[in-house]
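The two complexes that follow have chain A in common; it is paired with chain B in the first and with chain C in the second.
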Partner chain A sequence: MSQSSIDLPPKGGFSFDLCKRNDMLTQKGLKAPSFLKTGTTIVGLIFKDGVILGADTRATEGPIVADKNCEKIHYMAPNIYCCGAGTAADTEAVTDMVSSQLRLHRYQTGQDSRVITALTLLKKHLFGYQGHVSAALVLGGVDITGPHLHTIYPHGSTDTLPFATMGSGSLAAMSVFEAKYKEGLTRDEGIKLVAEAICSGIFNDLGSGSNVDICVITKGHKEYLRNYMEPNPRTYVSSKGYSFTKKTEVLLTKITPLSERVEIVEVAGEAMEE
Partner chain B sequence: MTFTVPIDNGDSVRIAEEESQRTLYPYVTGTSIVAIKYKDGVLMASDMGGSYGSTLRYKNIERVKAIGKHSLLGASGEISDFQEILRYLDELTLNDNMWDDGNSLGPKEIHNYLTRVMYNRRNKLNPLWNTLVLGGVKNGKSYLGMVSMIGVSFEDDHVATGFGNHLARPILRDEWHADLSFEDGVKLLEKCMRVLLYRDRSAINKLQIAKITEEGVTVSQPYSLKTFWEFSSFHNPTAGAEGSW
Partner chain C sequence: MDLNLDAPHSMGTTIIGVTYNGGVVLGADSRTSTGMYVANRASDKITQLTDNVYVCRSGSAADSQVVSDYVRYFLHQHTIQLGQPATVKVAANLIRMLAYNNKNMLQTGLIVGGWDKYEGGKIYGIPLGGTVVEQPFAIGGSGSSYLYGFFDQAWKEDMTKEEAEQLVVKAVSLAIARDGASGGVVRTVIINSEGVTRNFYPGDKLQLWHEELEPQNSLLDILNAAGPEPMAM
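Right after this comes the complex of A and B.
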């Protein structure tokens, strides 16, 4: 039995190997590539029978709107959904990963997933990467212990709240919540308040825009209302439709097979390498 | 009689030599001001706090002052610069009174003067570190405008400075309408100030609301807002998530 080297399992968490190289490159004047951010307004609130999540649908790359109608409310489990703000790739990847982990866990335990399970898996991952995974999440769901709403910050800290907002439009949305939230809202009141908060973000924050997505989760039932509100339609669309005059004309319909015009020479030994 | 305008002599020369001759950062600061036009004039709300960095050092600072007969000036930012601006405006109104021709400076004139002062100082890289809100009524017309420390100046039906930009403006844009009554106006301002109290770390629960109409200026006594902390999830926040916070 060899005793020379013990094979250690690969350690998780962030590998800082390339940081020195990146530092050197930025000092030499190389600009780091920008990320596709979701510059966002995401909100959640707890109402009488469960949780309502809301999000806008604009994804930005610096000053440009990269996606006018992206989906920021991610599926985690049949009874748990998660809104994501920050770097789009990070929110997508981290929610997908935890969603798979939850499914495997459901197969193993034979029970419905709980919101704190998703919470713990997410915060463990984000803390391990020390904030470099730039995902700010609003996690909501209804499980056997009741409705839950949590916020998760990129560095891994979490809050448990009756109403929450994240993203660049969070202050605009939070001002609506702080002024109007009450306990024991009905489903329609809750949806109206969430839509109002997202609209506040859409119209007062430049990083948020386009449409409102809503997801209502209650015990044993969920409703994903994609594009619940579309307060930014295209303004001037011609009712006649668009027609473009034909600028090309057919001159000739005679077909000349090219092999008659071309000499094909077989060159041995220089065929394309496989 | 020459019209005095405050200028700094030879600042542009000295800047190269002594950094200590210009404002680099603020020290004692006031937080947001929120103001709206209403039926009879202008309402302006501010809290009475002066922060020294992250310490709440002064809790009795009046950040809204009457200027002449027709205007109200509210300031957020460096308090000492606000006091300097009040001195300049004193000189201005004094000189204007000495003409003794029955004319008095209205809000539009004061706003213009302040814009010139702020922009001039900014061009010398030595700003007065304030965002000013100028409201007033003259000859039946209400006026509400804002000047920032870099000289950006504009008029509007409702304005907010500092954190109020992010927290109060969405509410004002949604709920302000022309011809608000006095009670509705105060309720709207209190709604904004309450959200600021919850979410701005440098806000304190001691505010004043100032009113200006054709009759004149009234600044209310300081009072506090009622806050609500009785959400059931605040009582036991980790009920469903043992071990978290």
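Right after this comes the complex of A and C.
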């Protein structure tokens, strides 16, 4: 019995070996299994009293709309929310994970979570996975140090901005922000601008669509406006409703209790041992 | 036009560090690009490591942010253990250890600059690969290609603070004019025995170079501005 190589103890951390294999296979022509990407337009802006986040609600699987009304604004802490673009599983998992970490940290410290804490936890995680966790996030919240808005890229870099957009519809939304954003917007002006930017993404980007979700965070208070705007209603809905003729014919209904069919045998012996 | 929004966030960049008699001046542009899209047009590439040492970052945004975060943490510990402010040489060396030992995985070029009481103002360049070179001036980033000749001609020993800053602003502005991956505003940080001064030069206030046009008022600004005064009798 000979061993061709010495088995090294596992060093821990992510093993990138399979990533190389996957790249090699795709080059050879194998189609990778597709995953649910969110397409997406997500935005955030800082206004006079805090932060407003916005997102569309379409989740795509290649060219198909998999979910017409998904939630892209994820809860991180009572005063911090995070919009996610990229692979839906990655954004959900990473925001859930950091949300739990923040909760445990709150129990330890006895203080409200800070946005920069969430930012550091997210960027450390994403950098460690070297971009393979495909999550592009817009993180916003109001903590004791004031309102904060950050963007986080899949490779782990972050930016701190007064207004930000991410996702496939980011260019369409950014054009609205660059034209109309100014400092010191009121709550209503801010919501109107965010809705306009998301609508720009919804109507001009194929990967974004359906409804507009908005989340307004101010000091000590937050408002999650799910489906704030629904600019894509179903146009033709039959008032009669839909009925489908029964195709399967029932031939016979008979119920046989199983104990008649099965013989139960008691084995006299010792009790089960492991 | 290839607009790959999934491309890694890189800082095209022009970064500069220059010594003068009494301290150093660090300068950088403010453009961060993802493929052909400008992800952040007002980023701050000059990051603080300690009260007296700053670093200019270029290359991969994620890699440079993580390296400077680690070095800030190490320097903080070092300052506590030493009992006095860290020297620029130590900061440069810590960056070099990370950059050299992880050279296969990192893609970031850095310029460390600061002032300490032993050596005065010092600039250290740490390009890809992890060499550390102490220089009277250092340039880095994609826009630096256009500045080698300019610095050979324009740099001189023992400049004053104002001369040094003007040189840095002029240089970054020239690089922005020629390099597509650099743009936005020019940020400078002056570090000397008295402390640290941050300055900011918006893109439209910079000097115009060959064939550059005057900045026009955007039609949006004109439309959004107040209408003409109503006629008065």
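Convention: the second predicted complex is superposed on the first by the 216 of 274 C-alpha atoms of A that agree within 3 Å, B and C clash if a C-alpha of one lies under 4 Å from a C-alpha of the other, contacts with A are read in each partner's own complex, and residues count from 1 in each chain.
Just so we're on the same page, a contact is a pair of C-beta atoms (placed from the backbone, for glycine too) under 8 Å apart; a residue touches a chain by one contact, two chains touch by 3 or more.
Bear in mind the structure is a predicted one, so any value in this text is a computation, not a measurement.
Colleague: Please indicate which partner A:204 is in contact with in the superposed arrangement: first for chain B, second for chain C, both, or neither.
Modeller: first
Colleague: Scan A:218 for contacts with chain B and chain C and give back first, second, both or neither.
Modeller: So A:218 meets neither chain B nor chain C here.
Colleague: A:171 in the overlay: touching chain B, chain C, both, or neither? Say first, second, both or neither.
Modeller: Touch partners of A:171: chain B and chain C.
Colleague: Is A:101 contacted by the first partner chain B, the second partner chain C, both or neither?
Modeller: So A:101 meets neither chain B nor chain C here.
Colleague: Given the touch rule stated above, what does A:115 touch, chain B (first), chain C (second), both, or neither?
Modeller: Once the two structures are laid over each other on A, A:115 reaches chain B alone.
Colleague: Under the stated touch criterion, name the partner, chain B or chain C, that contacts more residues in chain A.
Modeller: Looking at chain A, the partner in contact with more of its residues is B.
Colleague: Should A:127 be classified as contacting the first partner (chain B), the second (chain C), both, or neither?
Modeller: second
Colleague: Between chain B (first) and chain C (second), which, if any, makes contact with A:153: first, second, both or neither?
Modeller: The answer is second: A:153 touches chain C but not chain B.
Colleague: In the overlaid three-chain picture, which partner chain does A:232 touch, first (chain B) or second (chain C), both, or neither?
Modeller: In the superposed model, A:232 contacts neither chain B nor chain C.
Colleague: Can you give me the overlap between the chain B contact set and the chain C contact set on chain A?
Modeller: 158-159, 161, 171, 179
Colleague: Of all residues in chain B, which touch chain A in the complex?
Modeller: Interface residues on chain B, with respect to chain A: 166-171, 173-174, 191-192, 194-195, 198-199, 231-234, 237-242, 244-245.
Colleague: Please name which positions on chain A make contact with chain C in the complex.
Modeller: Residue list for chain A touching chain C: 123, 126-127, 131, 134, 151, 153-159, 161, 168, 170-171, 179.
Colleague: Once bound in the complex, which stretches of chain A touch chain B?
Modeller: 46, 115-116, 119-120, 145-146, 148, 150, 158-162, 171-172, 174-176, 178-179, 183, 200, 203-204
Colleague: Quick check: in the complex, which residue numbers of chain C touch chain A?
Modeller: Touching chain A: residues 3, 5-6, 8-9, 32, 34, 37, 39-40, 42-43, 60-62, 65-66, 220 of chain C.
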